[in-house]
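Remarks on the structure that follows.
Every chain is named by a letter (A, B and C) in the order it is written, and numbering of its residues begins at 1.
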Amino acid sequence: MLKLNNIEVTYLNVIRVIHGVSMIVPDGQIVALLGGNGAGKSTTLKAISGLLHVEVGKVTDGSIYWDETRIDEKGAEDIGRLGIVQALEGRRIFGHLTAEENLLVGAFNRSNRGQVRDDMDMVYHYFPRLKDLRKNTAGYLSGGEQQMVVIGRAMMAAPKMMMLDEPSLGLAPMLVEEIYEIIKRFNREQKTSVLIVEQNVRVALSIADYGYVLENGRVVLDGSADFLKNNEDVKEFYMGLSATGAKKNYRELKHYKRRKRWL
Amino acid sequence: MADLLQYTITGITVGMVYSLIAMGFVLIWKSSGVANLALGQLVLLFSWFTYGMLAQTGLPVWLGLVVVVAFALLLGWIIERFVLRPLIAQPILSLIAVTLGMAYFIEGLCTFIWPWGVDVLPRLFPQDPIRIGTAVVSQEYLWAAGVSLLLFGALSLYFKYSRMGIAMRATADDQMAVQACGIPVTRIFSRSWMFACVMAAVGGILMSSIGGISYGLVETGMKSFSVVILGGLDSFLGAIIAGPIIGLAENLAGGYLTAYTWPGVKEIIPFIIIIIVMFIKPYGLFGESRIERI
Amino acid sequence: MHLPAGIRNYTYAQDMAIFRTKTQWVMFGGLIVLLAVVPLLMGNYWLSIFNIIGITIIAAMGLNLLTGYCGQLSIGHAGFIAVGAYTSAILTGQYGVPFIIGMLGGGLIAGLTGVLFGIPSLRVKGFYLAISTIAAQFIIMWVISQWGSVTGGYIGLNVSPAEIFGFQFTSQLSKYYLIMGICVIAVFVAKNLARTRQGRAFVAVRDNDLAAQVMGISLFRYKLLAFFVGCFFAGISGALLAHCYYGFLNPEFFSFKESILYVGMIIIGGLGTTVGPIFGVVFVRLLERLISLELVPFLESTVTALPSGWASGVTPMLFGLVIVLFLILEPRGVAHRWQMFKNSYRLWPFSY
């Protein structure tokens, strides 16, 4: 179980972007982290995976626990070894490597070659399309296939928790649903907990068990997926639907701040 | 005609050694973005160290060479761990300057331990020259080319199939994504320094068994810069191809231009090539030009 | 005592002035007097050390403008200094040109050479540029050592002492005044250049040349200007080196190692500040004298078990170590410490 305790994150020692976020990712569940641009979703993920220092950021207050271990001061590789793996935003594949080599990089920290083989088959089982493409240079794959490679690479680490940063970015709606379906199956079958950052609230909530809404570096709303799906504000501000299901017009949108119930 | 063949063969074979040394540079540059300007000094240091092992302590040749390789690995690790790791995320100016400081230090170290400055390695390769057509080539050149080819082969296998090799290539592509996979990039940096040092050591042994040990070896390392500039900083293929080109240009110029210009024109050709490349195609034959956005 | 802490300035000019209070003027005057009086009390040994420091400061100021302010790393500074030295020596020696003109000519030719080798900077930066300046260093030194009929090649070239209106600068003291005079002018020019439109353009180019270009700063003009100015300083310094320090020129004096040392000096001092290079030069040159004149002979005579000449490796080893340690421990150089000291001193006892 992952537990964030009121963390604050500061970049360059001056720019504080997370002002006290607390959340829990229970074992075996899918948790969605929602919010608009600049809400601090990606930063929260990086704080968990220990990648902040790359961007000269730091967890300046609060604590992050993975089971009983405190991880907010550990480096990325230690956290990776604990079984937390992150797939970065924006399909960061290794363009000059083949698809299969990309997957192998994901399994870097595992020494049992037999298991790695098995997991490779497992990834091909979830993404049958990759099996045909495994000798192709990853840089030339299509966007959807690249996203599959990235998620597959995260699966190859045999993680206890997988963090996905906007897996739907720039993909066609059909493909988004396909990928999300696979993530859900992976979660149910392998008992891996999943933390998804997503702007596409509808699809994220369709598979998530629980969700947190982030705004300006604070959790403004949290609840079960069903609760959030039916929450008027979430519907209105993140799904673009008014109470009646009709598209809102811009004139009303202008006043949205005033009408948000949680502010 | 005999001359031409002679120059061509020596040029290409020596050029392959340059390629070998240059590949060490490319490796470090690609994996960690550090420009290692101490390359020439490393070549000098390893040549002297080989001399120390073979001639001074009198180890058997095979054991001496094993010790040299072990020393190269160790030194590479030390350099990465204690000099470059504290400077991660510093501006490139500092990274360049720190390798310059290292260059200064290593050169002093060589003077410190081997102050007489010039010597020859014990023979490693058979002595009698070989006739190829009309040209007479001493065997060292062919051995140098052979060893370089062997190392190219071994390296490409390593990068293709080993777990670490694949991870090193991945780091060259996207360092942050590698970290997100839980791979310790610092280990990859230190691995690339270790390999680069071994390549510099092998290059140094080959060069000094051809021409003896002297301060000139530093310039051999410097010539490898012209190889990477011509080939493109981030391209192994570029380094392999550009090496023989530089070697060839240098030997042909030495053979045919000396009469028209000044002696020593051979030594300066690589630097002139650098300037020409800078003016015409600054990112080299195979380098990727850096795309920058504001 | 009035130092600029809690002083309210009423105009922009007041705020930007180098000397913002009377006390600072007095201290500046004191410094000048000190520079003028101190040599009278020193022997030739120390005078010659001061002379080389002064000459080196001029070149380091140039390199600092080029690298510290404009961000164009040059590892061929010794080569450009050599151009100035040889140009001036040849102009005065073979063409009978007066020293002042020879020196300016040396600066000019060095500056133009710098511009020539700086042209790649328009398309590349960072390591690529560093390499092309290394190439410049080697090409320049190769030409100088091979073109024996003019430069004397490896044999060397005798240089006449500096002469202005019939006065020959032959004693160390007179050389000192000449060098310090020019050095003060150079520091003054460098300090003020950094504060002008050009200086700000340099800094903009250093921080992000693309963004600078988009804001309308001509890269062509300012990068090449930086190369010209930087190498002009180098040329002047070279001319002084030839006429007032060595009195004799040899390619050995301008080796690649010397170029590295110049980069080391401005890094130790602190890039992109005016006092930085001065600190760096004083530190490096004093250390150099100390090691090569005191430590090395001492080591050579005490430890005789090692092969002769071993101790000459000590100097480069120590310098290499110092450069590396400075970069790791205090990458902003001595100047940063100095600034911190000044700030805390001015605000004392209320440090916040």
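Just so it is clear, a contact is a pair of C-beta atoms (placed from the backbone, for glycine too) under 8 Å apart; a residue touches a chain by one contact, two chains touch by 3 or more.
Just so you know, these numbers come straight off a predicted model, no measurement behind them.
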| request: Using mean Cα positions, find the chain sitting nearest the overall protein centre. | output: B
| task | Please identify which chain has its centre, taken as the mean of its CA atoms, farthest from the centre of chain B. | result | A
| field | Chain centre separation in whole Å, for chain C relative to chain B (CA means) | value | 32
| message | Nearest whole angstrom, what separates the Cα centre of chain A from the Cα centre of chain B? | response | 43
| request: Indicate the whole-number Å distance between the mean C-alpha point of chain A and the mean C-alpha point of chain C. | output: 54
| List of chain C residues in touch with chain B within their complex | 67, 71, 73, 75, 117, 119-120, 123-124, 126-128, 130-132, 134-136, 138-139, 142, 146-147, 208, 210-211, 214, 257, 260-261, 263-264, 267, 271, 306-324, 327-328, 331
| Partner chain B, residues of chain A touching it in the complex | 49, 51, 54, 56, 75-77, 79-81, 84-88, 92-97, 101-102, 104-106, 108-109, 153-154, 157
| note | chain A partner, complex, touching residues on chain B are 89, 163, 166-167, 169-170, 172-174, 176-184
| said: With touch defined as at the start, can you tell me which chain B residues reach chain C in the complex? | reply: 29, 35, 37, 83, 86-87, 90, 92-94, 96-98, 100-116, 222, 225-226, 229, 233, 262-264, 267-268, 271-272, 274-275, 278-279, 282-283, 292, 294
